[in-house]
Amino acid sequence: MTATIYESPDEALEGIEDGARIMVGGFVSAASPTNLIFALKRRGTRELTVMATNIGFGDRLDELCEDRQVSKAIASFAVRASTARESKFEAQYRRGEVELELVPQGTLAERIRAGGAGIGGFLTRTGVGTQVAEGKEVVNWEGEEWLLERPLRADVALIRAHRADRLGNLYYRLAGRNFNAVMATAADLVIVEAEEIVETGELPPDAIHTPAVYVDRIVRCDAVEVRWDGR
Amino acid sequence: MTATIYESPDEALEGIEDGARIMVGGFVSAASPTNLIFALKRRGTRELTVMATNIGFGDRLDELCEDRQVSKAIASFAVRASTARESKFEAQYRRGEVELELVPQGTLAERIRAGGAGIGGFLTRTGVGTQVAEGKEVVNWEGEEWLLERPLRADVALIRAHRADRLGNLYYRLAGRNFNAVMATAADLVIVEAEEIVETGELPPDAIHTPAVYVDRIVRCDAVEVRWDGR
Amino acid sequence: MAAEGKARLTRELVAMRVARELAPGSTVNLGVGLPTLVGAFVPPEANILLQSENGILGYGGFSEEAFDPELVNAGGQPIRLNPGASFFDSAASFAMIRGGHIDVAVLGGLQVSARGDLANWSVPERGGGSIGGAMDLAVGARCLIVAMEHTTKDGRPRILRECTYPLTGRGCVDLIVTDLAVVEVGPAGLTLREVAPGWAPGEVAAVTDAPLALAEDLREMEL
Amino acid sequence: MAAEGKARLTRELVAMRVARELAPGSTVNLGVGLPTLVGAFVPPEANILLQSENGILGYGGFSEEAFDPELVNAGGQPIRLNPGASFFDSAASFAMIRGGHIDVAVLGGLQVSARGDLANWSVPERGGGSIGGAMDLAVGARCLIVAMEHTTKDGRPRILRECTYPLTGRGCVDLIVTDLAVVEVGPAGLTLREVAPGWAPGEVAAVTDAPLALAEDLREMEL
């Protein structure tokens, strides 16, 4: 299906309901779909399960916690060992108000890829002998132990691209590809904010990172400014 | 490691021994590493296990069978239902002289990706209830049956790229990416023939398909002409 | 049998009938052989995205121009690109296929069973046969249409109670379009929805091994 | 304890010592914190390819220029690119890591056991902690170097018979470089290879909980 182009991030979120499972792309400052996050905040949708590599680590996803819109996070960075710069999510987590499934970053990326690729599970050595293995099937093969990890899918993915064409093809810039490209494959509804929308045919076919088949909605948005906090 | 640039395909194959497991990229006419195949033929290396999506289907890989260099193929296209245009591989297969593991094309690609990605196995619905399932573990999950498929790796991968830089980054053109990009990740020694070798830094970082870490040897070669047989 | 010798649809007409099943804007994979012909009957304004499992989304029809060996479909045939086409590697291509991102696959068939099992890659009496991408398409496409001749050259049915040839996939077929009929596969079995011009439902049933329910709105194929 | 109050290596000197372990041409992933400093001590002529798990191969040091939010390493820090750098998505990045394509990973540590178990992500008494990419790097890198302080702030050993903190990986550490010593992890346990200037092997052993064999060529760290 040809992607639909929306006029505002708020309109682009139409139909997202309370209790939705939402993937959010980006890596810290790089290509976070912050305009869509802000629209989701304005929308007030609640009881969300958010899947993102980071929440409260230089991203604005944490702001959804202000009005307690997030019930659960599936993430690889979510809680610091120190409480010196505590995020809203962390504070709620430490008070037992939100649920957290902490996933190694590579396993998170691969589970999302599996969700998009029709893979029912995969074996990885990541996490063997650690807390991550708790409750998971451990398989012995060729003298090694492997964890069976399961795919992740979402109702909605919010991602940010550098350029989109009207058909829905996406091009990411530099380290902006990160989880955006993977999550675009694994949700029933994929909503993209793009720095630029170009005519179909303008993106070079060899340099399209996300083929149009994965994209449902596009909205043009300037990047929300991110300041480096100088860590 | 920075890739090493060789002067001829024959030199680029140094060290490949009898009994080697070799992945061969390309899809029918598209970006087959035919110069390297011809060099392997001249080299006379024997008892090869070749992994390729096709052997004897518009490719020149079949010519390795002329001197019986191939003992086994792992492929998705290898034997036709008709003997009208019988390849050398087919003839030897029908006489029981070579071994064949016939693998669905998507499972072949995914097994090779798994081999390169440190995945010890994956669950797919492809092949459930067919001959492909024979001897494989069938897993029930969420009301469906899944096959547990195992990773594939090779001693050597022979691939063809459109452009390589001196560091080893690769760029494929059009449908030339196919199995080349996947196989580049899954062999101990990756040998590339490239239409063009450019200076490091000339390929745009956002449009590199195979990062340099995967490539060991590069040799510049014009494409061997392929004629469309008009099927 | 009375029906012998009666005109059947040409391959082109079968392909044309299949093309009418493709919703505007859908993503479609066309298998090698008869299904490939379907592309010629898809109007450009339908904005069908054709996927080829060798790593292409958005190709057009066949190319009449100079042959570019790196611009071929899954059958190795030269193709044209539409604006917005993209390329990807084989693992990404089958991730797209297995992951349910292809709306419709059209595959050729040797046999289809009453339960929608498909056999399309091997003829045991001849030996050999290759799987290619068919098994992945069979499980991955949201809708699987099989386009084939209703009977073998010597008149034996290809729509059977049980397939006798090696399977491509189990219970994967949604619709069968043949040179005689359009047959839908449902949970309760097969339903005859359309017959070729000049063919009576009973004549089609006579060359079909599996039981065929008759659709309430059973009609002649519109071509 | 006699050794208290003696000078220990600065973080920069630990990073400098780690940098000497990196073979020319190797592909290296530097974790957040102390390991990040290692990059500054890698000479350009060594052609080290730095990988960052957010999808970068071939970055240079930190950028002193304008901050580009899309050009950051795994710690979110602005970086420069070297010629030949490439970008890829997170699934491809961890395929590279898990698949054994990274020669060396340098990670920070909280505890390392005699068997080379690593704990580096959670301090249970404080609660919390995040895994990030550490567990993938622990199993995936061909060689894992842990760069850490030899003891906690209050003087308790970090090199232990058994880790007491939640593990990052089991038996994954190859080399430990601390502000007091270089310790190798082998099948038979730990070997003290180098001591910081001014430190005697016995003094290092006194602040190490796990048994330390002394290398035949045990020497003072060259810096």
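Letters A, B, C and D mark the chains as written, and numbering starts fresh at 1 in each.
Keep in mind that, in the parts below, contacts are C-beta pairs under 8 Å (C-beta built on N, C-alpha and C of every residue); 3 or more make two chains touch, one makes a residue touch a chain.
This one's a predicted model, so the numbers in the text were calculated from it and none came from an experiment.
Out of curiosity, which chains are bumping into both chain A and chain D?
B
Applying the document's contact definition, name the chain pair with more C-beta pairs in contact, A-C or B-C.
More contacting C-beta pairs are found at B-C.
Using C-alpha centroids, which chain lies at the maximum separation from chain B?
D
Where the CA atoms of chain C average out and where those of chain D average out, how many Å apart are those spots?
56
Any idea how many Å lie between the Cα centroids of chain A and chain C?
One centre to the other, that is 36 Å.
If you average the CA atoms of chain B and of chain C, how many Å lie between those two points?
The answer is 29 Å.
With chain centres taken as the means of their Cα atoms, state the distance from chain A to chain B in Å.
Going by mean C-alpha positions, chain A sits 33 Å from chain B.
Name the residues of chain B that each touch 2 or more other chains.
Chain B, residues with two or more chain partners: 110, 113, 117-119, 124-125, 172-174, 205-206, 209.
Quick check: what residues of chain C touch more than one other chain, meaning two or more?
Within chain C, residues 87-88, 94-95, 97-98, 139-140 contact more than one other chain.
Thinking of each chain as a vertex joined to the chains it touches, would you call that graph a line, ring, star, complete, or other?
Graph shape, chains as nodes and touching pairs as edges: none of the named types, so other.
Which two-chain combinations qualify as touching?
Listed by label, chains in contact pair as A-B, A-C, A-D, B-C, B-D.
Applying the document's contact rule, which stretches of chain B touch chain C when the two form their complex?
Where chain B meets chain C, its residues are 27-31, 53, 57-58, 75-83, 90, 93-94, 102-110, 112-113, 124-132, 162, 172-182, 209, 223, 226-228, 231.
Per the contact definition, I'd like the list of chain C residues that touch chain B in the complex.
It is residues 52-56, 67-72, 75-78, 87-91, 93-95, 97-98, 117, 121-123, 126-136, 138-140, 166-170 of chain C that touch chain B.
Chain B touches which residues of chain D in the complex?
Result: residues 25-27, 47, 49, 51, 57-58, 81, 83-88, 94-102, 139-140 of chain D touch chain B.
Which residues of chain A touch chain B once you look at their complex with the stated criterion?
These residues of chain A touch chain B: 110, 114, 117-125, 139, 141-142, 144, 146, 171-174, 204-207, 209.
Can you check the complex and tell me which residues of chain A touch chain C?
The contact residues of chain A facing chain C are 1-2, 113, 115-119, 165-167, 169, 185-186, 200-201, 203, 205-206, 208, 211-214.
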